[in-house]
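Letters A, B, C, D, E, F, G and H mark the chains as written, and numbering starts fresh at 1 in each.
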Amino acid sequence: MATESNTEKLLERSGLSLPRGEVYLIEDRCKGCGLCIAFCPKHVLVVSDKFNKKGYHPPELVEEEPVNVCINCGFCERICPEFAIFVKEKKEE
Amino acid sequence: MATESNTEKLLERSGLSLPRGEVYLIEDRCKGCGLCIAFCPKHVLVVSDKFNKKGYHPPELVEEEPVNVCINCGFCERICPEFAIFVKEKKEE
Amino acid sequence: MSIIKADTHPLDRYLRTERLPHVWCPGCGIGTVLGAYLRAMEKIGMDPEKSIMVSGIGCTGRAAGYVRMDSFHTTHGRAIPFAVGLKAARPDLNVTVFSGDGDLFAIGGNHIIHAARRNANITVVAINNFTYGMTGGQLAPTTPETGITTTSPYGNVESPFNLAGLIAVAGASYVARWTSLHVRRLEKSLEKALKKRGFSFVEVLSQCPTAYGRRNRMRDPVDTLKYFQKYAVVKNHVNPLEGVIEPNKPFVVGEFLDAPEEPTFEDKLWELTKAEFLHTSQAERSEWIIEHRRHLEVLSRIISGKGGEE
Amino acid sequence: MSIIKADTHPLDRYLRTERLPHVWCPGCGIGTVLGAYLRAMEKIGMDPEKSIMVSGIGCTGRAAGYVRMDSFHTTHGRAIPFAVGLKAARPDLNVTVFSGDGDLFAIGGNHIIHAARRNANITVVAINNFTYGMTGGQLAPTTPETGITTTSPYGNVESPFNLAGLIAVAGASYVARWTSLHVRRLEKSLEKALKKRGFSFVEVLSQCPTAYGRRNRMRDPVDTLKYFQKYAVVKNHVNPLEGVIEPNKPFVVGEFLDAPEEPTFEDKLWELTKAEFLHTSQAERSEWIIEHRRHLEVLSRIISGKGGEE
Amino acid sequence: MSKDILVGDHFLSGDVAAAEGAIAAGCRFFAGYPITPSSEVAERMARRLPEVGGIFIQMEDELASMAAILGASWGGRKAMTATSGPGFSLMMENYGLGIMTETPVVIVNVQRAGPSTGLPTLLGQGDVMQARWGTHGSYQAIALSPESPQECFDMTIKAFNLAERFRQPVILLMDESVGHLFERVTIPPKEEIEIVNRKILKDKNRKIYEPDEDLVPPMPPIGEGFGIHVTGLTHDERGYPSINAETQERMIGRINDKIRKYADEIVDYEEFMVDDAEVIVVAYGITARSARRAVIMARENGIKAGLFRLKVIWPFPSKRLEELSDREFVVAEVNNGQALVEVERAIKKRAVFVGKMGGEPHKPQEILKGIEEAVK
Amino acid sequence: MSKDILVGDHFLSGDVAAAEGAIAAGCRFFAGYPITPSSEVAERMARRLPEVGGIFIQMEDELASMAAILGASWGGRKAMTATSGPGFSLMMENYGLGIMTETPVVIVNVQRAGPSTGLPTLLGQGDVMQARWGTHGSYQAIALSPESPQECFDMTIKAFNLAERFRQPVILLMDESVGHLFERVTIPPKEEIEIVNRKILKDKNRKIYEPDEDLVPPMPPIGEGFGIHVTGLTHDERGYPSINAETQERMIGRINDKIRKYADEIVDYEEFMVDDAEVIVVAYGITARSARRAVIMARENGIKAGLFRLKVIWPFPSKRLEELSDREFVVAEVNNGQALVEVERAIKKRAVFVGKMGGEPHKPQEILKGIEEAVK
Amino acid sequence: MARLELQIGGFGGQGVILAGLVIARALSLYDKKEAVFTQAYGPEARGGASSSGVVIDDERVDYPYPLNPDILVIMSQEAYSTYFPRLKEGGTLIIEKNLVKMDKVPEKVGEFHSIPATKIAEELGNRIVANIIMVGFITKTTGIVSKESAKRAVLEMVPAKVRDLNEKAFETGYSYEEG
Amino acid sequence: MARLELQIGGFGGQGVILAGLVIARALSLYDKKEAVFTQAYGPEARGGASSSGVVIDDERVDYPYPLNPDILVIMSQEAYSTYFPRLKEGGTLIIEKNLVKMDKVPEKVGEFHSIPATKIAEELGNRIVANIIMVGFITKTTGIVSKESAKRAVLEMVPAKVRDLNEKAFETGYSYEEG
């Protein structure tokens, strides 16, 4: 395990392979403020067209490999004022 | 005039002659706190035996030339909380 | 890949989820800061059952209503003395005051400086959104100079407080300032603040798009965060006087103060109840008392006929 | 030579002599400080007819009753906002607040930091005698640690405020601290404070033999002055954090702050009444207004249905 | 068109109308602290005062606001503050200073439902007794209660006039409904508005608290060499503290008497269909508007009902109510029975009480029911 | 001898007796701000509380003091503050929070003469109506008025018992005379002192503001996982804000009703020679002692006089007074006519009023004169 | 004309408050009617239910709130459930066609109108003027307020920059032909 | 014994308050009388007039202040002018011999005593015990309080360090022979 994660870190540093994340959303909590979208370092979120129950547009995911992918940095989770969005580490398939 | 006062300053510095003051007291304002007595740099004030109207012992003057004389420093006037004591420059007779 | 639908959030165990979504406007930073607080709590393993949140009145003040802990939404400006009383009575509980700049520094300004002076063992999180959000966007003691609010329609003529600097000088043990953009460092700071024995204070500059941003060219919440990004300068051990914030100029964020630990106010209060003389005989005690001149003082008060006045 | 009997004192023209002797105890420092204040006034030629003294409640608060100027003895803690209102209404008058540490920093603590923040053009003289004299000697927010008072019979467990430091950080223009022994420097400082445009603050440590000294081995007023003589260290441009006072340790006196002049609060308030748009036609004004988004804001407030809350 | 009096018809909320009334009355100083539902008064003043050469300050709290307007009033300016329940509670101490030092100011309290934070955005009328008795000690209060924006305008002027005449803080006791509803407000030309200004002391040798025959001492100016001293302690005619029962009796007696003596002149009420009424509804503020409708409905149902509307609540119109005490009485108010206390005292019997705890005004039907109960 | 109840005879001032009463009642938290003539209560508490494991804090002002005792009470401690007029005025806002959140605490107000700073060292009884109506909104007050140090002791215990029973702040309305006079106080053994403690909520599933049959909800403990929310906003049974008229009616209605329902049990008075009295003097606090003497003097002069002493002022004993309303009435108090308002309302007629503005108690002769006037 | 009650219900942000205020102002200041405007809103700064009321009378209006509106304008489904029961027997119901769904016009409705104000507003370039379109439509269909007055009030109460847009919105609403 | 009033007047700092308190306490706690102690003082912290009152009765004392003192003890000239008029016809007057000057004992005085308490106190080594000397003297001359009780109260109420001095003062006052 320890070796594995060290390896990952090395990879990370060399930019070859970053950790990957999965983005979760509790749709009806979202108020469509756009903060997660604006501050995602990898620009993987955009405004969706759909309305949630409260009439807001929640974000949607537009990952474009290899660069624009969720790296599980958790910034959207932290910046979201609504406890609506969060990420989990993507287990290697 | 200007020359005169310069001369005085010189005298002062050489310690030969200091300005002299006259001490005034509004006796019935005094509350006998002793501050003027304790902090007179020349120790020219002492507690008197007499009582004023309010039953306090006002200060009295015990100048002892040449050292223990009022030098018109005004400290008693300034430290007195009662606006009771003040000094004026002694005009040379 | 698309976003995965979820029903619960990792922080839900700290939240009264039945009350979500909360009242805060879209993009308001209060929720972000509350999230950081809860994450810090989780990180240091603070037991929510033994933790109390006290808020005053204001948008921020509503925070107490969303956390799943014992929580008190008091009166405008009085969260701190309520918390000080509660903490003194129950030093076994963790007490946090979570409130707005107006609540803590306008009407409540006196209490916070006194609580800091006493080194009361509470943590204060102050959300500084430059205005009174709840009442619709009036001037706050944090509104930047020339800022437009409903009660400064011609631009603010007052200078804002330097909250962190003021509390550092008032006597706090830990003082930091961050913004709602600095979510990670804020979280770290909150961990430290919560662990600190003594008065800890974290100021968080935050966006109020509805009541402040809209009137000051920051209609979109993102605008304010971009402003923070542009002007915030991270620094530690800040001289209190350096904490001043001026419009469109760099301002300092970071740890202002992290003082070595000292006995807290509550430590000292409770120590009194254990003082040695309390375990001695009445006779010894009365000697002790006279030694310590208590009786004499009571008497001399009587003797001097000084019953006080006014 | 013996003392020359006198009926009048050089400061009598500034005093309500018909009310002398005053209520202060023998050896109390308040009279001394009041004298320094009046001498400073005289020195700079401040017209007593154009000068106002405002006091709160306390022994020091009685000062307003002895000066021959228009004077106000208000309520406990509220001298400052009364003075701020008065000064804003009448910027032509010199306004001084002369009051005690308890009045200004316990119950009144919020007002003084806000007045400093606003840079209200008033002078505040705070007599710090370590206790509440008027009510018989209770704990004050200035009581030294371990100090014995009627409400800290086992010794004070709180830390005192560093008044001068706090006010410096709050935003004042001029801040100094002296003691009742430093009468000459105090006088000079008061001259500067009175001349300063903007918020000026002079803290004066002073003896209260009756209510504090008696319980703390300084029964004689001279004892406290000797204490000051022993521990006071004169310094200028003091870092606010350095202003802390601890028992039986050296403490700093001197000028903490003498900031370059800036427009005062009143300058800016009155400037508003002269703003250009007020001299334009209604039509132009309404354009101006829209430019400045006032109307829009009022409207959007209505539109958003945000009438505020709480 | 002069800026101070915006002559003509306007469509204003009660809050804004009160602000305009203040400016028309000559108010040139406002210090306040925002609180729903009174914030619009402050906001209007913030915008308008600079236009007319006045000063607006948002203070750090209500304690400070109250103190600041007293200071400004002594500075010679007509001064006002506006607040709601929680802030009103905080103003009580310095309201007392205003009473004691005889300082003319106006306090607007736009009532919301309490106690405590209660219903911040919604109606209450629960501060009626507080307006009378809210600060410690013995004094008389003056409080006016408008039922419409027009009256908010008119009564704010009247409040200033009373404050200036009697040298005492006067309370404009509005309520959320009246404060927030919009209606036409007609602002008359300047010359049609009656303005009372404080009497100014001219004689430097006269004691500053020596009253005229009307028991009100002329107010000394400051900055003119009078060398006045003003204190919240019990004081003698010179203004100097005088801590004894005799001075207390004389000075506080006068402070009470100056109002009691002219109570009949201050008292103001509207009688609507009272002449032949068998049952009279007593109400004020928004409730009076529900009550007026209820009275009409009762008349339609054949019950001879009338409305006695309190325009001035304090001093209370006890004399007139006593004269009417052969009728049945209903008291309707959005509280737990406050004007009720004085009504029952005046009419020397019990009245039917139709109370609400707050949040919304009475439906006319609710008051109608009370009327029907009273005639049963 | 245990330290908490100093069994035996003591010679104490009323202020000190009140402090001892508090300690005997189980008070273990005091937060206050000194003010004459109540400071001795704080000073005694500062000395005594640490001895019994209690906490004394001198706060920065009265606003903070009031908030701190509410916090401490929620922390599970019996808590008290003590003040006088100006401080009482400042406590009013958070007194309302105590009412709204149903927090048991005791507030001692040792009345001095007002308004404002007034006569700081001298007697007044001018805060009677303020004790009833001093904070904004609709609520019921409980206020007790002792006439001796012994009663200061006893009534402080009673005040705590009522506070705990009804979960509401209770006011001990003393006056300077009673506070400063010394008399023998007999402190009974612990087991003879009746102590009431708040009901504690045990069921975590029960809503925290769901009342029992007595309309009082048991108080939840904190730090035990109840996860309570307490707010000064109008709230539902869960304690959550609920900003509407229905909740207001229900919750504020109950807060009023829990006192109204048991008013007869709370009411307490002493009747002295009332049975055959033709004229009854109503008085309380120090004035009752003057009145008792006056009644004896009247009887000596052949006038059948009696004394009705209010031990509990609020709720007011209107029922009993109404029963007695065939007699003539005199009301004596050191204010401008405050209990008078409720007496006249209860007896449905006018009473002779013997008022004083403050500074000293009534001479018995002054009340005697009132008695004579009443029987004329 | 005796007492007449108009109520407009929707959610925060739709501008129902401004719509009511414009009509009331027009009635009061320009049509010289006795008119009162009142409003109701929830605790949220944004979103939440909100409504405005206009009561008109020949004499001074006494009770200022709509009790049983003669005219009910509804801009959201939630508002429909809340306010519809209060509509007077035989009163007028006006709805935002796309935001309020109903199977059929309920019996007690005397007169019925509907308009897709939001869609039209979007077509004009800004959703925000849906309320002004509604004002035009109310003016036309109910006749309670004169066209000139209503238009004047609209133009006075909106910022100069958006005056044209609002004028167009008003006119569009006024001339909207129900299909 | 019916109601009996004792008043002691002097100036602040003389200890008239403590003197009254000691006597009242002795009466109440040890002689088991009903006794009330009251005090009056001026605004000054030091100096100014001050007085204390003790009212004794068999039953509970009602009005607690001296109205027409049966026994009046006077320790300053100012107090004499203030309080003498209140002395009951035939009452007892006790004065501090050196501090109160009078031409002759006024007619309404029934019993008269005087003692130079301050001078004696100075002889004992501290002016401050003049009041305790007076307590001893009052105890002896009036008999209102038993000697044991008065002495016990004195010893209880003074700090340990000065107990001996106060005991001596009390005894000296008690055994003072008027010349």
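The definition used in the following text is that a contact is a pair of C-beta atoms (placed from the backbone, for glycine too) under 8 Å apart; a residue touches a chain by one contact, two chains touch by 3 or more.
If you're wondering where the values come from, they're calculated on a predicted model, not measured in any experiment.
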*Least hop count linking chain C to chain F through chains in contact*: 1
*In terms of CA centroid distance, which chain is the most far removed from chain A?*
H
*Please work out the Cα centroid separation of chain A and chain B, and write it as a whole number of Å.*
83
*Taking each chain's centre as the mean of its CA atoms, how far is chain D from chain H in angstrom?*
45
*Please report how many Å separate the Cα centroid of chain C from that of chain E, as a whole number.*
38
*asked:* I need the residues of chain F touching at least two other chains; which ones are they?
replied: 34, 36, 39, 43, 47, 50, 56, 60-61, 63, 86, 93, 96-97, 116-117, 120-121, 180, 231-233, 241, 243
*For chain D, jot down the residues that touch at least 2 other chains.*
25-26, 57, 73, 75-77, 106-107, 109-110, 114, 135-136, 141, 150, 153-154, 210-211, 269, 272, 275, 294, 298, 304, 306-310
*In chain B, which residues are in touch with two or more of the other chains?*
54
*Once bound in the complex, which stretches of chain E touch chain C?*
33-36, 39, 42-43, 46-47, 50, 56, 58, 60-62, 86, 116-117, 233, 243
_chain F to chain H touching residues, read off their complex_ = 9-11, 121, 148, 177, 180-184, 286, 289-290, 292-293, 296, 361, 363-364
*asked:* Which residues of chain A touch chain C once you look at their complex with the stated criterion?
replied: 22-29, 31-35, 38-39, 54, 56, 58-61, 63, 75, 77-86
*Mind pulling up the chain H residues that touch chain F in the complex?*
21, 24-25, 28-29, 34-39, 41, 43, 60-65, 67
*Across the complex, what residues on chain C touch chain F?*
16, 19, 48-50, 52, 54, 57, 64-65, 68-75, 77-78, 80-90, 92-93, 110-111, 114, 269-270, 272-273, 275, 278, 282, 294, 298, 307-310
